[in-house]
Amino acid sequence: MIRSPHLNRSRLSPAGWVGGGISAVVLGTALLSLVWTPHDPTAMDIAHRLADPSATHPLGTDHFGRDTLSQLMAGARVSIAVSLVAVGLGAGLGVPLGLLAAARRGWLDEAVMRFNDLAFAFPALLTAVLLTALLGPGAINAILAIGVFTIPVFARVTRGAALAIWKRPFIQAARLAGRGRARISVDHILPNIAGSLIVQATIQFAMAILAEAGLSYLGLGSQPPEVSWGRMLNEAQTFLFLDARLAILPGMAIVVTVLGLNLLGDGLRDRLDPRLHARGAPRPNSHVDRI
Amino acid sequence: MPLSFARGPARAVAAFPVLAAVLAAAISSWPLTARAAPPDSLVMGMVLEPPHLDPTAGAAGAIDEVVYANVFEGLTRIGPDGAVRPGLAERWNVSDDGLTYTFRLREGVTFHDGSAFTAEDAVFTLDRARADASVNAQKGLFEAIDTVAAPDPYTLVVHLSRPQGRFLFNLGWGDAVMVAPESADTNKTAPVGTGPFRLTRWVQGDRVELEAYPDYWGEAPALTRATFRFIADPAAALAGIMAGDVDAFANFPAPEGLIALETDPRFSVVIGTTEGETILALNHRNPPLDDVRVRRAIGHAIDRQALIDGAMFGHGTPIGSHFAPHHPAYVDLTGLSPYDPEAAKALLAEAGITPGALSLRLHLPPPSYARRSGEIIAAQLAAVGIQTEIIPVEWAQWLEQVFRGHDFDMTIVAHTEPLDIDVYARDGYYFGYKNPTFNGLIATLDETTDPVKRAELYRQAQTRLAEDAVNGFLFQLPKQGVWDARLHGLWHNSPVQANDLTGVSWSE
Amino acid sequence: MALLDIQDLTVTIPGSTRYAPPVRLLDGVSLTLASGGTLGLVGESGCGKSLTALAILGLLPDGLRAEGAIRLDGEDLLTAGERRLCALRGRRVAMIFQEPMTALNPVRTIVDQVAEGPRRHLRLSRRAAREHARAVLHRVGLDPSRVSPDQYPHALSGGQRQRVVIAIAVACGPALLVADEPTTALDVATQARILDLVRDLVQGEGMALLMISHDLGVIAETARDMAVMYAGQVVEAGPTARVLAGPRHPYTSGLMAARPQRAGQPGAPLPAIPGAVPPPDARPPGCPFADRCARADTGCRTRPPLGTGPDHRHSVACHHPLEASP
Amino acid sequence: MAWILAQRAVALALTLLAASILVFVVLEVLPGDPALLILGVNAREDTLAALRATMGLDQPAVWRYLTWIGGLLQGHFQNSLTYGVPVDELLAPRLAVSLPLAALSLSLAVALALPLGVLAAARRGRATDTAILALGQLGVAVPNFWLGILLVLLFAVTLHWLPAGGFPGWEAGVGPGLAALILPAVALALPQAAILTRVTRSAVLEVLGEDYMRTARAKGLSRAAALWHHGLRNAMIPVVTILGLQFSFLLAGTIIIENVFNLPGVGRLIFQAISQRDLVVVRDLVVLLAGTVGVVNALVDLSYAALDPRLRHGADGARPDD
């Protein structure tokens, strides 16, 4: 429980590096798919459907004869785009809400927290299903459905972290100097909780990838001709007996991406999240009389 | 100094997963591969679950698939060949003017509650179906009826207000089955009919169980028990029949699953016909779909064979008009709209549409034939310069938005009612086709009883639709029957949506 | 034979990389304590006092390596097996901790926590162990009519909790009681009463006491002998009266000079000594105190001092010790 | 204690009220006419009107809301629009599938996660710990529906050990019933177990660093005994918190997993009801699920009190976590 004084806290752990590497590769693939894929991911070739991997189709083809590798690449694009916008939506609304709640306290704080409770009381997926039933399936609505549930997460994390900062002496000093609460929130609170927020965003991003896959798997996410990993899984399910490859590959893509983001998130947490030292992880020196 | 965790408890905590594994192993040793049912019973898989079991109060085909000819019977019945046969009416006379039908009813018929079936019940049934408060989904079937009377317990006289060529056929529909006044209101959950099987249990969401009705008037069926299991997921359906949990699928939900089953000697795979014309319906109200050249261009853009291969794994018959290929009056009109992208582009240019400028919405209901065909058609239309936005919808939304709201450009749907070419004459029907010549053909047809003349009229009607390129005519939906090779007597074709179990038996 | 005999105890933490040298937290500490005797260990925070105490109980944090010898009744604890150590802890050697607020398990009743040791070491039945625990609680001044033994720790005041911690330590009548700053976390009035209790218990039960404190007053009141620690080393040791009367190490004298201020906050720098204790990985090669010492010369900064003294009972590790008082 | 309970009850009631209004409004504007769905394409206008009247859909919205809520408060469920039977009758057989599934997967997750988490914490930094952590990372990243597909592929399609889906019904015996639930339960449990393992590990690590653990060791307790007698109950508090949170995920998971495995449970019912526009069933189920989540959260709060005596008297009545 003693950390070596030599331990350099400013470096990412090996697992964090691996996670960062995976995330970068997935992101790179998604970007690459914008300009180049081995084949047009939507081009059908029904005569060559369910083809085994070959030189022309390194990962084979699906039931319409579309190139699986190209589809996986294009799927990365959709998964990332949907998740990114959803998390952006959640953070864009949740962070100001959390800052506001922490700055104002009182009834506003109470209202924000109750709204959070309400959001948590609903099984998120159920609401997403209802929402897409209401608005119709599609990428935009999947973003909305996922984003809505990211708002309370960010609001809660922001509020908690901000409250801790508000108690710090330098904030009190800024208050005494006559700075407004909004100014302080933007100038002092936000930079101090940015680390926690980046970590949270990474984790939420991974969650959003999973959620998008789940919605698409249920047929509620992005629609053809857009390709998404979840929908590839859905379509592959009836081919389980014929060609399990189609069900295994998109799932692996999801797992690898989420794994990479989670590893990156954990690595960043070790480095950026100050709360780590407060709880959850070993407290340095708690046993030893301040060596 | 030992700083490691002591060994003992580590072993103790490690024992938990071991326990779980042992438990799993114990459970997995249960016999699972045993056949689901003894030889006098049958487990039939169905894709959709009926919302309720009263065929006179709902349109869902799944209702008929469970109860038609099994639980409920009509005055006439449709046989496996699609022909009208006697049902609860032993025989009948039609007056020369075609307006009066006199039915002689079978004696000794009882409902499952033991009460006798008489002409009074028949009068009640027909009057209920055409009453103002009727919730019969096919109320139109009874439109021509003027009066219904029961001069004696086994005679029924029906007067029509106008001659109707299909009246006896209409009476064979599930919506026209005979019900008793005492039980009519509760048939949804506790169906009481006159058929060879009666309901024993309905586990909502899972299965309906039937057993043989001992006092059945006709020949007793070979099966004593029958279970309909509802398996919506194609993968689960395939797993179910492979594992022997299900003995038969009258219509297997996933054509790709048949590939594995066809080569397996344990199963019979029988590709039969249905009444389902699958069409790419076009909304004539929305320009430029009112332009016959654009509609023809769409017809030329579609490669039916690719569609059948891609969406149906080769099962299905291409059609060129709205008519079932197995019907005697069928004309093959696919030659009028062959796959010809160049012709399609030329027609579009002629109609003044620049490539890429036309964007159409394509509403797709849930069945996989529609969703998959939609994806392929979108790709095929893109090849001739028509953009497509795919909008998947649930049935409820399809009915409200597409069918009734007419808020669509294109949609894919299979019209599964038999001989339903007359819908093209309906005013305000969802695709909005208007052609007085065609309407005249249908009006004549409705009043014609002579089979030869009717066939000729059907031919003319088909040709008319094909020439007008009313819709994109895609393919006839196949009936993809799969069952245990030892089963006999299941219908190969489906002239009506029914799983008639009266003649089903096991060899052995 | 001394009850406790620590010889050249060195505790190291491995370097963070393969090439970094291990860091010495304790550096050649030697102490002896006779049966029934009392020894005070004094020094600023971070000098290694608590680490010494933990080493005696065999409860060093994971990853630390101890070398040298810690003999209890002649048995070397550093080479003893974990099972043997478990048998000794609480039975032969027990410890009172500094923080009564956190040293007790919040989810178990106090009598439960006191009864645990006796049940294990004295092989008492559940019921007998509880009876024993009640008696011990009464003995440490928790009158059952005022403080129910079935209370949970959170319902008790700081002083009461520290009495429970003491009860846990003395429940099996250990030969050696290690008290690690037992009064630091308490208010002044309570401090005195707890010290009285400890003294009373040690005398009454004939236990040896190793009293650890940064407070010379506490040491003066409780210990016949004392040792002063600085930066992981014992810099001065001898009979308490002699050391206090004539400190020979500049650090000891600095501590004494700082005494009246009574730095309330542990870890606060002593006003009489400039600077702070060097961290274990940044200790100078020579005398560790050299940087803060007014008497230091270049030799102090390069050569570690050897322990010397006017006689074997009063030793000091310093190149330029203060004059011994008469 | 009573005060906490009362507070909880009021909060729950308000949540449910909000949930009921929300779901009612959503269903009001949801496109799709249930009567049309039942009667199909050939239905005539008068027939549709007649059916809507029998289903009570012709009443004003506020009135329908009030009769719905009023009925629920009296324990009276309305008839499903599609099945025509009261929702509670429809629900009972579904619960007989979903509840055992949830219980099975939850206990599976706990039975896996607790020992593994404790083991990892005890072996911190060693190969065992690293392996468990790596497995945990993998488990968190695997979507449960994909895991379900893989399990079917392995145990049903390839090995033929377990059924690929469907539910034979409990009347077929406990064995076949459990056999049908084992794969879905595993698919639900493993990702949950991964999260729970990590939480357990860090909770135990935190507890291992507590002073009272050292006190226990100083008494002569071995590491294991100290952990068992002093550590676990304290470590359970964050674990129970996460368990409570996971319950809501579990509910969501059953919706997907019941679709993967074709199980006639509550999840499939709600999915079906939404697509069939069975408003009565959907709104009842949503309120029921929200209520269940609320009750579970309240139970979690109560279990804090059972675990931690400090909370029993409301002395420092804050949650130990957060």
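Just so it is clear, A, B, C and D label the chains in written order, and each chain counts residues from 1 on its own.
By our rule, contacts are C-beta pairs under 8 Å (C-beta built on N, C-alpha and C of every residue); 3 or more make two chains touch, one makes a residue touch a chain.
The chain list, named the UniProt way, goes like this: A, D = ABC transporter permease; B = ABC transporter substrate-binding protein; C = ABC transporter ATP-binding protein.
Nothing here was measured: the structure is a model prediction, and the numbers come from that model.
Student: Which chain's centre, taken as the mean of its Cα atoms, is farthest from the centre of subunit D?
Tutor: C
Student: Identify the chain whose mean C-alpha position lies nearest to the mean of all protein C-alpha atoms shown.
Tutor: D
Student: Which interface, named by its two chains, has the most contact pairs?
Tutor: Counting C-beta pairs in contact per chain pair, the top pair is B-D.
Student: Which integer distance in Å separates the CA centroid of subunit A from that of subunit D?
Tutor: One centre to the other, that is 22 Å.
Student: So the centre of each chain is just the mean of its C-alpha atoms; given that, what is the distance between subunit B and subunit D in Å?
Tutor: Chain centroid spacing, subunit B to subunit D, equals 37 Å.
Student: At what distance in angstrom does the C-alpha mean of subunit D lie from that of subunit C?
Tutor: A distance of 52 Å separates the two centres.
Student: Express in whole angstrom the distance between the two chain centres, defined as the mean CA positions of subunit B and subunit C.
Tutor: Once rounded, the distance between the two centres reads 87 Å.
Student: Give me the residue numbers in subunit D that touch at least two other chains, ranges are fine.
Tutor: 152, 157, 211, 214, 222, 259-260, 274-275, in rising order.
Student: If a residue has to touch 2 or more other chains to count, which residues of subunit B qualify?
Tutor: Correct list: 6, 233, 235, 239, 242, 394, 397.
Student: If you look at subunit C, which of its residues touch at least two other chains?
Tutor: As it turns out, subunit C has residues touching two or more other chains at 62-63, 82.
Student: Which part of subunit C faces subunit D closely enough to touch in the complex?
Tutor: Checking each residue of subunit C against subunit D gives 57, 59, 62, 82-83, 86-91, 94-95, 97, 99, 102-108, 113, 116-117, 120-121, 152, 154-155, 165, 168-169.
Student: Tell me, which parts of subunit B touch subunit D in their complex?
Tutor: Subunit B reaches subunit D through residues 4-6, 8-10, 13-17, 19-20, 24, 27-28, 30, 32-33, 49, 51-52, 57-60, 132-140, 188-189, 203-207, 229, 231-233, 235-236, 239-240, 242-243, 245, 366, 394-397, 399-401, 403-404, 417.
Student: Can you tell me which positions in subunit B touch subunit A when the two form their complex?
Tutor: 233-235, 238-239, 242, 254, 256-257, 259-260, 306, 309-310, 368, 372, 374-376, 378-379, 390-394, 397
Student: Please give the residue numbers of subunit D that touch subunit B in the complex, ascending.
Tutor: 31-34, 36-44, 46-47, 50-51, 54, 82-85, 90, 93-94, 108, 111-112, 114-116, 118-119, 122-123, 152, 155-157, 160-169, 175-176, 178-179, 182, 186, 222-224, 227-228, 259-262, 264, 268-269, 272, 274-277
Student: In their complex, what parts of subunit D are in touch with subunit A?
Tutor: By the definition above, subunit D touches subunit A via 11, 14-15, 18-19, 23, 26, 29-30, 137-138, 140-143, 145-146, 149-150, 152-153, 157, 202, 205-206, 208-209, 211, 214, 245, 248-249, 251-253, 255-256, 259-260, 270-271, 274-275, 282, 286, 289-290, 293-294, 297, 322.
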